[in-house]
Every structure is written in structure tokens, then in C-alpha cells.
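Next come two complexes, and both contain chain A; in the first it sits with chain B, in the second with chain C.
The block that comes next holds the complex of A and B.
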């Protein structure tokens, strides 16, 4: 570990670090625009100019005569970095003044305001006044950049991060620089908009408000947004994300850097695919259907907001009591015929709560795996010139065909309690189930015709799901559950990385996260606490022993579930 | 070419009938230097060039032989030689004459240099605007292929070489060596960050040497007449300055601007600007006096009339506050011309030609042009002068502020014009004068 001295602070750096990373380890920020860890170095914004020197073995320090870009300059033992000298500060001030020359300063209507590096750096390193006396260059906004992307050309600082992203990570190379000098602009080739499946990342990469997401544009000022760390449930890659919400409405998802999971980015399927959680068709209230006398009469159990005297009544109390009784009754009648179907959208904790409860009622109860949604084949980036997948060692991002977040986690639970993973299709084929407990939570409809037909008319049908389905129409009990943004728990991705998800919003209506439903259903004491449960699971299940740490940290923990695919492919 | 004492070497064949043909070049002793080189070890050729003290004629004046030795010793795969014929510094036209009038001299130099550097392919990057050069060169290269001077086993040796003639992309920045390489690769001519230097990783990620056309033209003569002959001309190195490599050999000086006889002359290095103007360019036109002289392309800055006795070698212009000798393109500005107009024209050129990669250059060149535009429109303020100076200091004269040298080139005209002609700027601004000529020739 080479020792580096940053503004008189000595710090151990990585031999591969550049000055920016080494300084970061010493707690010193070197401002930069064009440099990004996941992209090639161009050293063109000149914001990260610092003084670099060397501490000789005899203790003397020799500083170089030039300012050098911190992004481009490697470090070695004894490198001295200075970011607080007058020379560096003057250079930073001037660079910012130059960047702001043709910038419209329309922060008041700019989406980026509040998370803008031009604002932040100008505040920290810039000066209050511009000496520009001439009119600014004015350029057309470009709404044609992509379906999801708008370019506010005036605000661009020409860092070319977006251009490099489409070339180096997406491989689709739609974006380019046109014209020269101060007239330079980012643009696309005519009639080839930037609509690749990773296009949304250029909005995150843009350090200023030039590239904006049309989806998020003018929806919310960013300072009102609250962030929760979570995991994207779009596919089994399990991208680490931030969920940005305000007043229980999710406005956007952003990738959260995680070297163990996906790296820096996320795909547009995941990024814009969260809208279903606010769909008005969602199940909002628990429902009991009494099927006495042959004629079914359904009753939506009084919503807490409903009319009448039961304004503050808990609609769940009766429902869960009835559910519990019915489960017990059904198991008593035919334990082998009772089948609980676990969805790969459930967290490890939820799967554990339900499985341990049912198995403890009667070990003959069958636990099976719900449908695992698969769409196409794995989609790998960067794409070649003809759209072909990259060679094995050069993959930088993969959108997986398995469109669910936690197959491995649920399977680990099933293996522990059931000994093997049986799919719901197998049970349907055997047609020997008499009672079903379906847990859904899928993004898209999952009740296939064969399931619909195979379930037929059981003695008990419990559906716990987000959306109405053919099964929920004729279910005896419907329990409205929570989406991924409402869950706490653990997801295990394709490579066996267990990551913590945190609830960002409260469920709509009377819906509840599965974890909370199970806590009450199984009559466990206390509130759901993912960390405590994780420890319990880690101690109880050998395959998941890595979870016993409780706190999985920012990046998650590898649990060592066997996987054929390479880690971080 | 009116110098009676000095017999031109590089321009020796210019003006003769059919000077472009292989036949006439051979009749004048052409390609003997190549035959000689091919009979030597390539390292010996490098040694000869190194000992001649030849410095690159493209502007930076880097010792050519030394540059060649930067190539890695053990290379698997090809080495490339790129010839920089993207002559785009304002006032410069020496390469053009060399190519148009005596292409084989340049091409012989290229083959010898390729042999010395073990290059198997040479790329001739020619400025797009040079249509005649392209046609002349193409014909000359075809002649060479037909006469075993290019292709497999040149002149019966085991050395083989191909030359590709590439027409440029009409941009000043393509003349920067890594910008040229990027452009050659079919990309936007954005200069690369260094290291790695082209000698390690250049064109197509292979070791590459980039040399100027005039440098190439010197090579056959050095081989033929020996390094001592080359060192007999020019200015010897300063014995008190260990970093000075001397300024040896003949040099082509381009003279343009307000003189009676603009043109190209070949002289030993180190003639003073005054002699050049008076003896070789017929003096300043219309009986006027020179106010300012650009020593070597506009990016080098300005010399005043008092500084005209400065020798135009690699070190001379630097001693009077200019950036360097550059391309030895002398532009003379007479005493009736406003320096504000001159500087405006220079700034406009650089704002137009800035590649736009680095912030200081992209924004700084445009900003200084805007300020001068405003001054010329009669709305100048005295504080603008210091502002211009500060911009020029921040974009170029602080080393390290940009990737390539264009920003330095854009900054030095501003810096020298204001430092040397400040009273004129002040007078211009306080008088509230407006420039008569809004439109100037040159950049658009």
C-alpha cells in the first residue's frame, strides 16, 4: 500500500488509484467533471488540476512545476498531492468561471438544482461574480435525444461522460459531439436516438442539468426527495439502487454504486419499471369470502377509511385470525394437500417466516416455488457494432432473462424446509393439492392458464398479492401485499450476493408488506425487524449462515450459493 | 532566394523543369542517400541524424534523432511513421512548396526515416486543402512503387515499406501530433492525454513517430553530406545552457504580411528578423515601418520593431518573450495597422480552431474573441485589458492547464500583444474608436 500525502494528511492508497481516489481516502475532495470511475480518462474538463510532487526518502518534498490533472495522474509511494495552494485555487476558480460563461444559470427551473456539481463546486471553489460582459451563447434544447432523455444544450459542460458511456459501456455509440470549440454540442446521429436499454444512465452521469430524464422532468424538486437504499427487482442482476420518494410516492430510481453487484449503472427496464407500484388497480384491502350455503358472498373487510363507526378498526385483525384458523383447519384435514407457493419476489425473511410457520404446524405441508418469470435471454453490454454481445471477458453490464430478484434466496429457504425445490407446475400437474396459499408480489401477471386451471376449486384458496388475478377473483381470502419499495429484508441475486432492501414508502390503502402480514399471521411477538430475523435465519439455515451478521452493509454479503455464472459478469 | 552567399539545399531543385518527376530527381543525385542508408544498420542511421543536431521543423523543435530513440527496443508487430503535412499554422507554407515542387526529396526522407525507425508503414497526413500537393504526391508515390523505391524489398534490400497518403480533416488541431493520430484513425481530432507518448502508443495503439515534412526533407541531405555539413550551418548550442540543443542546418522561412516581396526563402538558421525582412522580402511595404512581427506562426506571439534583431533560431524568439521559433513563418505588421485588429483576428482564428476538449481553451479562446469584438465595436473598458491578460494566463501560459499546446498558442499572441502594445490598447479603448473594418480575412 503506497503512502500518499494529501494536504499534509498521510493516507494509505491503492497502487491503482489516481490522485482523485487517493485524495478521497484522505477525506479531501478534488472536484472533477469528466472523470468517472467506470469510464475512460479524458482529462478534458481541467477541474481536477492539482499540484503533485514527491516526498524523497530523505524527507524533502519536491513539487512539480506544473498543475496536473488529478484524474490522469497515478500515485506511487511518497506522492504528495496539494489541493489547497493558491495556484490550485486560482485554477479552480477560473475553470468554473469559464464553465459558467455560456451557462444559462437557470437553476430555478433546472431539474438538477440541488444535486448539481456546477452549483456545488461553484459554491465551494468558485467565485461569486462572472466578468463576462457579452451575451451568452444560446442554443436549442433537444428533446429528440431519446425517448427518455432531453438535452438542455446550454447547460452542458462538455465533459463527454455521456458520449463515453454509450461508446464504452452500452457499446451503442448513439451520442457524439458535434461542432467545435465553444459551439460544441452533444447530439445524436440523425434519426438514431439514444434509446438503448442503458440510456437512462447518461442522465445520472451528467454532472449538470444538461441531460434530464423526461420521466422525472419537472415532477419534483430533488431536495424534497428522501432516499432509501434498495435493490432493483427487475431481474436477477439485483442492481443496488436508491429509491427516491416523497410523501409515499416514488419519483425515480437511481443506481447505487456497488462493485459486488452491478457496478455503477442500471438498465432502463429497472429504472422506469417501478411505475406498477402506484398502479390504481392494486389490491388495497383484505377480503374474506364466506362460502357457506354454497352461495359465495364476498365482503371487503371494512377499510379503515370506510364509513360507519369502525373508522379506526383494524381490518386485518379479523382477516388474519380467520386466515390462521382456516389454514389450521385445512392442514388438519389434509396436511399433504396444503400447498404454499412462494414467489421469487419475496424476501428471504418473508419466505422464512411463512415456511417455518407452516412446517411447524405440520411438516407434511408442501412448500413450492412459484413461477419464475423468464424473458428472452441474458442481454449483455457493451454491444458490438452490429449489436452483437461482447466476448466473455469484456462484459460490463448484463440485463438478465430471469425477471425476479430473489430466486436463489427463496430456493435456499425451500431447500432447508422442503429438502428440494418443487415448482408450482409440478404440483399442478399432479393435481393432488386441496388447499393453496399463493404469495405473489410479481410485477407482471403470473397466473398462467395452467395454474388457473390446475388450482380449480380447492377447499381453501388464499391469495396474497399486489394485483387482482383470476385466482384472487375466486379466492377465499385475499391479502393485499406490498411492493419492493415497501419491503424490508434480503434479496439474493444471481451470483449469491445477499443485499439488504429498505422500505422507502408506506403501502397504499390497507395493503401491507408481506413481512408484516406474516409477523401477525404467525403470531410472532414484536415488530418485523429484518436485521434480527437475518441473524435468526443465519443461525438456523447453514446455506444462509452468512446472513448471521445481521447488518449486510451497503454492498451486501456473498452467501456462497452455488452459481454457474461468473461473479459480477 | 536572393541570398548570394547561401546556396539553397532543400529548395535547391525548386523551379527546375519537371522537378517533381522521379527521373529529374534521380538525375540530380536523388535516392543515393536512400541506397546509402539501406546499406547501413538502422541504428547507425539514427546515430547520424542524432549527431547532426537536426531538430523537428514542425514547431516544437524537438531533436529528431532523440525522438526516434524513444521507440521501444523490442517490438512485436508494426511500428508506424506519420508524416505531419497538416500545415495549418497561419502564415506557414514551407511544406506546401516542398511537396509541390520536390516531392521525391520528402519521400526519400520518409523512406530513410522509416528504415531508421523500423517502421513498416508510413502515413502521410496531408492537409485536405492541399489539392495540388495530393496529386503531386500521389503521382510520385506511384512512381516509387513502379521503381522499387516502395513496396517489397526496396532497392533489393530486405526492407519493405508502404506509404499511405491520407487527406486531412480541415482543422488546425489535426496538426497536433496526437490529434493527427486520432484523425488518422478516423476519429475526432481530439489530442490525446500523454503519457503514453506516441512513441509507446500512437496510431492504432502501436509505437509511432510523427515527423514534419520539412524535417523529412532534411534527412537525405544529412545522410549524403554528413552531420558535420549540417552542423556547419546555423547557431551552435549555448555552452552555458546544457538543455540547449543548438539550431543547426538550413531552414525555410515563410514571409508574409506587409512586405514588398512575400515568399519563401531558405537560409541557415539564425538570421535576424530585420535582415529577413529587409534583405529577403524587399522591406516593409509602402515605405512604412514594421510595428510588430510574428516570428513563427501566429501562435508564437509578437515581436516589436525594437526586437527585430533577434536571431530567428530555436532560442531567439523565446528571449524576447515569444513562445518560440514555431514554424518560422514570419508575418510582418506595418505601423498603420491597429494591434487590436491584429489580435482580434488571431483570437478569432483560435476560437474557431479550438477543438473544444479542454475547458480553458474552449471557453477562453471564445471569450477573449468576444471581448475584442466588443472593444472593436467601441464598447471597451480599460479593465478588459487586464481581463484579457488573465484569460491568456489561465488558458495557456500556466503549464498544464490543457492537454495540448493549442491553448498556449492561443494565449501567447494575447499576452505578447498586451504586454508589448498596452498603450495602444488603452488609447483604442479610451478614444471610443470603432474599427473601420468589421470583417477581416482569414477565419470565418
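The block that comes next holds the complex of A and C.
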């Protein structure tokens, strides 16, 4: 580990670090625009100019005569970096003055305001006035860059992060720099807009407000957004994300850097695919159908319009008590015929709560895996010139075909309690189930015709789901559950990485997160606490013993690593 | 527990009172004297409101107005600064992209689709006016605000613009700015006399 001295602070740096990373380890910020950890180095913005020198073995320090870009300069044993000298500070001021030369300073209408590096760096390193007397160059806004991307051309600082991203990570290379000098602009070729599946990332990469998301444009000022760390449920890659919400409405998802999961980025399917959680068709209140004298009368409990149904202050209390009684009754009648279907959208904790409860009632109860949505095949980036997938070693991002976040986690629970993973299709084919407990939570409709037909008319049908389906229409009990943004728990991705998800918003209406439903249904005391439950699961299930740490941290914990056996293969 | 007294803070002491003042009789008597003096002075003290309206100082902070720009459009650019600054949470804005196809709105990017102020919740502190980067929201000297329902007192964009039209017609502009044109106190007006403008005054600056 080479020792580096940053502003008189000595730190151990990685031999592969550049000056920016080494300084970061010393807690010193070197401002930069064009440099990004996941992209190539161009050293074009000149914001990271620092003084670099060397500490000789005899203790003397020899500084270089010129300022060098910190992003481009590697470190070695005894490298001395100075960021607080008058020379560096003057350079930073002048660089910012030049970058802001033609900048419109329209912060009041810019979506980036509040998380803009031009604002932050000008405040920290810039000066208050520009010496430009001439009128500023004005350029046309470009709304044709992509379906999801708008370019506010005159806000651009030409860092070319977006250009390098489409070339190096997406491989589609739609964006480029056109013209020269002060007329330089980002643009696309005619008829080839930037619509690749990773295009949304250029908005996050843009350090200023030049590239904006059309989806989020003018929706909310960013200082009102509250962030929760979560995991994207779009596919089994399990990208780490921030959920940005305000007043229980999710406005956008942003990728959260996680070297163990996906790296720095996320795909547009996940980024814009969260809208379903605010769909007005969602189930909002629990429903009990009571059969009296052969004629079934349904009552939407808790709703003011519940015709004939009793009105309750807390609709869940009675619904869950009835559900519990009916489950026990059904198991008493035919334990082997009681089938609980767990969806791969459930967290590990939720699957554990339900499974352990049912198995403790009667070990003959069958726990099966719900349908695992698969769409196409794995989509790998960067793409080649003809759109072909990259070679095995060069893959930088994968959108997986398995469109659910937690198949491995639920399977691990099923293996522990059931011994094997039985799919719902197998049970449907056998047609020997008399009572069903379906847990859904899928983004898209999951009740296929074969399931619909196979379930037929059981003695008890419980549906816990987000959306109405053919099954919920004729279910005895409908429990409205929560989407991923309303859940706390653990998801295990394709490679066995267990990541914590945190609830960002409250559920709409009387809907509840599955974890809360199970806590009450299984008559556990206290509130749902993911950390405590994780410890319990880690101690109870050997394959998931890595969860016994409780707090999974920001990046998550690899399951396979801790157990040293490929239990999740 | 002893309070740490900062050297920079000036601490005042309560004035000491003697036994005469402690009886409060002199204070009571002087109060009675004032009342008697007014009762027999013969000068009417009652304000004949609403027949005679009082002179309101022009820096009074009354009902809000939304200013119009030279083209008659709402001057607000929906930056949400007033809503952020508002300590009473009485302002609610919904922003939208300006209709670019309309030549009337060609040079604007963002505008307020709705702009509502709950005049009942407002505490008339003037923070919104201070926060506004384009001098679009102002407090007028209209003080006699009445209504028959709560809904009526929630002013929407049109109502706020109509307050602007009304105050401009009656010539009762607030003193802080002058009909939406920056007042003499503003940076730009000053530097226009002195030299080149400072940066940061919109796209045309």
C-alpha cells in the first residue's frame, strides 16, 4: 500500500488510485466534472487540477512546477498532493469562471438545482462574479435526444460523460460532440435517438442540469425528495437503488453505487418501471366473502360503501382473525391439500414468517414456489457495433431475463421447510389441492389460464396481492399487500447477494406491507423488525446463516461466501 | 446551573423599583389621567371605518399578488422558492413545461400550471416576496380581506393575477418593487448606473 500525503495528511492508498481517489481517502475533496469512476479518463474539464510532488527518501519534498489533473495522475509511494495552495485555488476559480462563461444561470427553473455540481463547486471553490461583458451564447434546447432525455444545451459544461457512457458502457454510441470550440454541443445523429435500455443513466451522470429526465422534468424540486435505500425489483440483477419520494409518492428511482451488485448504473426498465405502485387499480382494502345459505355475499370491509358488511374501525383485525381461523380449519380438514404459494417478490423475512407459521400448524402443509416471470434472455452490455452481446469477460451490465428480485431467497426458505422447491405448476397438474393461499406482489399479471383453471373451486382461496386478478374475483379472502417501495426486508439476487430493502412510503388505502400482515396473522408479538428477524433466520436456516449479522450494511452480504457451499445454485 | 455568558452579547438588567413604584399607584393614576384627558378633550378618536378608509403605509404586507411580465404572462417561473421559504406552508405550486408550440410562450421553459395561496393560513411575513428570484410574488397593501367560506380564501393563480391588475389600476403598487420592474434597491438597477451588470440575472442578463 503506497503512502500518499494529501494536504499534510498521510494515508494508505491503493496502487491503482488516481489523485482524486487517494485524496478522498484522506477526506479531501478534489472537485471534478469529467472524471467518473466507471468511465475512461479524458481530463478535459480541468476542474481537478492540483499540485503534485514527491517526498524523497531523505525527507525533502519536491513539488512539480505545473498543476496536473488529479484524475489522470496516478499515485505512488511518497506522492504529495496539495489542494489548498493559492495556486490551486486560483486555478479552480478561473476554471469555474470559464465553465460558467456561457451558462445561463437559470437555476430557478433547472431540475438539477439542489444536486448540481456547478452550484456546489461554485459555492465552495468559485468566485461570485463573472467578468464577461459580452452577451452569453444562447443555444436551442434539444428535446429530440431521446424518448426519456431532454438536453438543455446551454447548461452543458462539455464533460462528455454521457458520450463516453454510451460508447463504453451501453456500447450503442448514440451521443457525440458536434462542432468545435465554444460551439461544441452534445447531439445525436438524425433519426438515431438515444433510446437504448441504459439511456436513463446519462441523466444521473450529467454533473449539471444539461441532460434531464423527461419523466421527472419539473415534477418536484429535489430538496423535497426523501431517499430510502432499496433494491430494484425489475430483474434478478438486484440493482441497488435510492427511492426518492415526497408525501408518499415515488418520483424517481436512482441507482446506488454498489460494487457487489451492479456497479454504478441501472436500466431504464427498472428506472421507469416503478409506476405500477401508484396504479389506481391497486387493491386497497381487505375483503371477506361470507357464504350464507348458499348465496355468497361479499363485503369490502372497511370501505364506507360495504353493502351489508359490518363496519369496522380497523378492517384488518377481524379479517386476519377470520383468515387465521379459516386457515386452521382448512388444515384440520385436509393438511396435505393446503397449498401456500410464495411469490419471488416476497422478501426472505416474509417467506420465512409464512412458511414457519404454516409448517408449525401442520408439517404436511405444502409450500410451493409461485410463477417466476421470465422474459426473453439476459441482455448484456456493452453492445457491439451491430447490437451483438459482448464477450464473456467484457460484460459491464446485464439486464436479466428473470424478472423478479428474490427467487433464490424464497427458494432457500422453501428448501429448508419443504426439502425441495415445488413449482405451482406441478401442484396444479396434480389437482389435489383443496385450499390455496396465494401470495402475489407481482408487477404484471401472473394468474395464467392454467393456474386459473387448476385452482378451480377450492374450499378456501386466500389471495394476498397488489392487483385484482381472476383469482381475487372469486377469492374467499383478499388481502391487499404492499409494493417493493413499502417493504422492509431482504432480497437475494442472482449471485446470492443479500441486500436490505427499506420502506420508502406508506401503503395506499388500507393496504399493508406483507411483512406486517404476516406478523399479525402469525400472532407474533411486537412490530416487524427486519434486523431482528434476519438474525432469527440466520440462526435457524443454515443456508442463510450469513443473515445472522442482522444489519446487512449498504452493500449487502454474499450468502454463498459465508456458508462456503453452493446451497443456492 | 450557570449560564455561560458570551462576551459579545450585551445583557440588560431589569430596572430596580422603589417602594413607591412597587405599590403601582402612580402608574394607575397616570392611566386614569390619560383616560380623563381624552374623555374631555373634545377631539373624536374613533376611526370612521369603513366610511373613511385609513391611510395604509405602502410597505404594508397584505394580500399577495402575482405579477405579470411585459407580455402579460404570469411572471412566475415556478422555481418553488416561495413555497420552500414559506414558514406557514400556505403556498402550493404545480409546475409544468411551458407550451413551447405557442409563440406567446416560446422563450419560457417552465411555468406554474397552478399556484395557490391559502390566505387564511398565511402569516403575512413576506418571506415569499424576499425569496422570489424574479420578483413575481408581492404583498400588496390590501388589508380588508374577507370571504364567506374557507375555499374562497384559497387564492388560485387567476385570482392572484387579478389582484395585480387591480392594484396596478388603482395605482397602489407596493413600494418594494415598481410594477414588476426592479426597484432602485435592486442590484441590477444600481449597476446599470455604475457599470457592467453582474452575472446571474436570467437568460438575457
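Simple rule for what comes next: the second predicted complex is superposed on the first by the 550 of 569 C-alpha atoms of A that agree within 3 Å, B and C clash if a C-alpha of one lies under 4 Å from a C-alpha of the other, contacts with A are read in each partner's own complex, and residues count from 1 in each chain.
The rule is short, and it goes like this: contacts are C-beta pairs under 8 Å (C-beta built on N, C-alpha and C of every residue); 3 or more make two chains touch, one makes a residue touch a chain.
Everything numeric here is computed off the predicted structure, so don't read it as measured data.
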{"item": "Which of chain B and chain C A:157 touches, first, second, both or neither", "value": "first"}
{"item": "Which superposed partner A:253 touches (first chain B, second chain C, both, neither)", "value": "neither"}
{"item": "Which superposed partner A:132 touches (first chain B, second chain C, both, neither)", "value": "both"}
{"item": "Partner chain in contact with A:45 - chain B first, chain C second, else both or neither", "value": "first"}
{"item": "Comparing the two partners chain B and chain C, which touches a greater set of residues in chain A", "value": "B"}
{"item": "Partner chain(s) touched by A:68 [first = chain B, second = chain C, both, neither]", "value": "first"}
{"item": "Partner chain(s) touched by A:94 [first = chain B, second = chain C, both, neither]", "value": "first"}
{"item": "First (chain B), second (chain C), both or neither touched by A:141", "value": "second"}
{"item": "Chain A residues contacted in one complex by chain B, in the other by chain C", "value": "132-133"}
{"item": "Sites on chain A touched by chain C in the complex", "value": "100, 104-109, 113, 129-130, 132-133, 136, 138, 141, 152, 217-219, 221, 223-224"}
{"item": "Residues of chain A touching chain B in the complex", "value": "41-47, 49, 65-69, 72, 87, 90-91, 94-95, 98-99, 101-102, 131-134, 157-158, 177, 179-184"}
{"item": "For the chain B and chain A complex, residues of the former touching the latter", "value": "171, 188, 190, 193, 351-360, 362-367, 370-371, 373-374, 381, 384, 387, 390, 394, 398-403"}
{"item": "Contact footprint of chain A on chain C as seen in their complex", "value": "77-81, 84, 95-97, 109-110, 133-134, 196, 198-203, 205"}
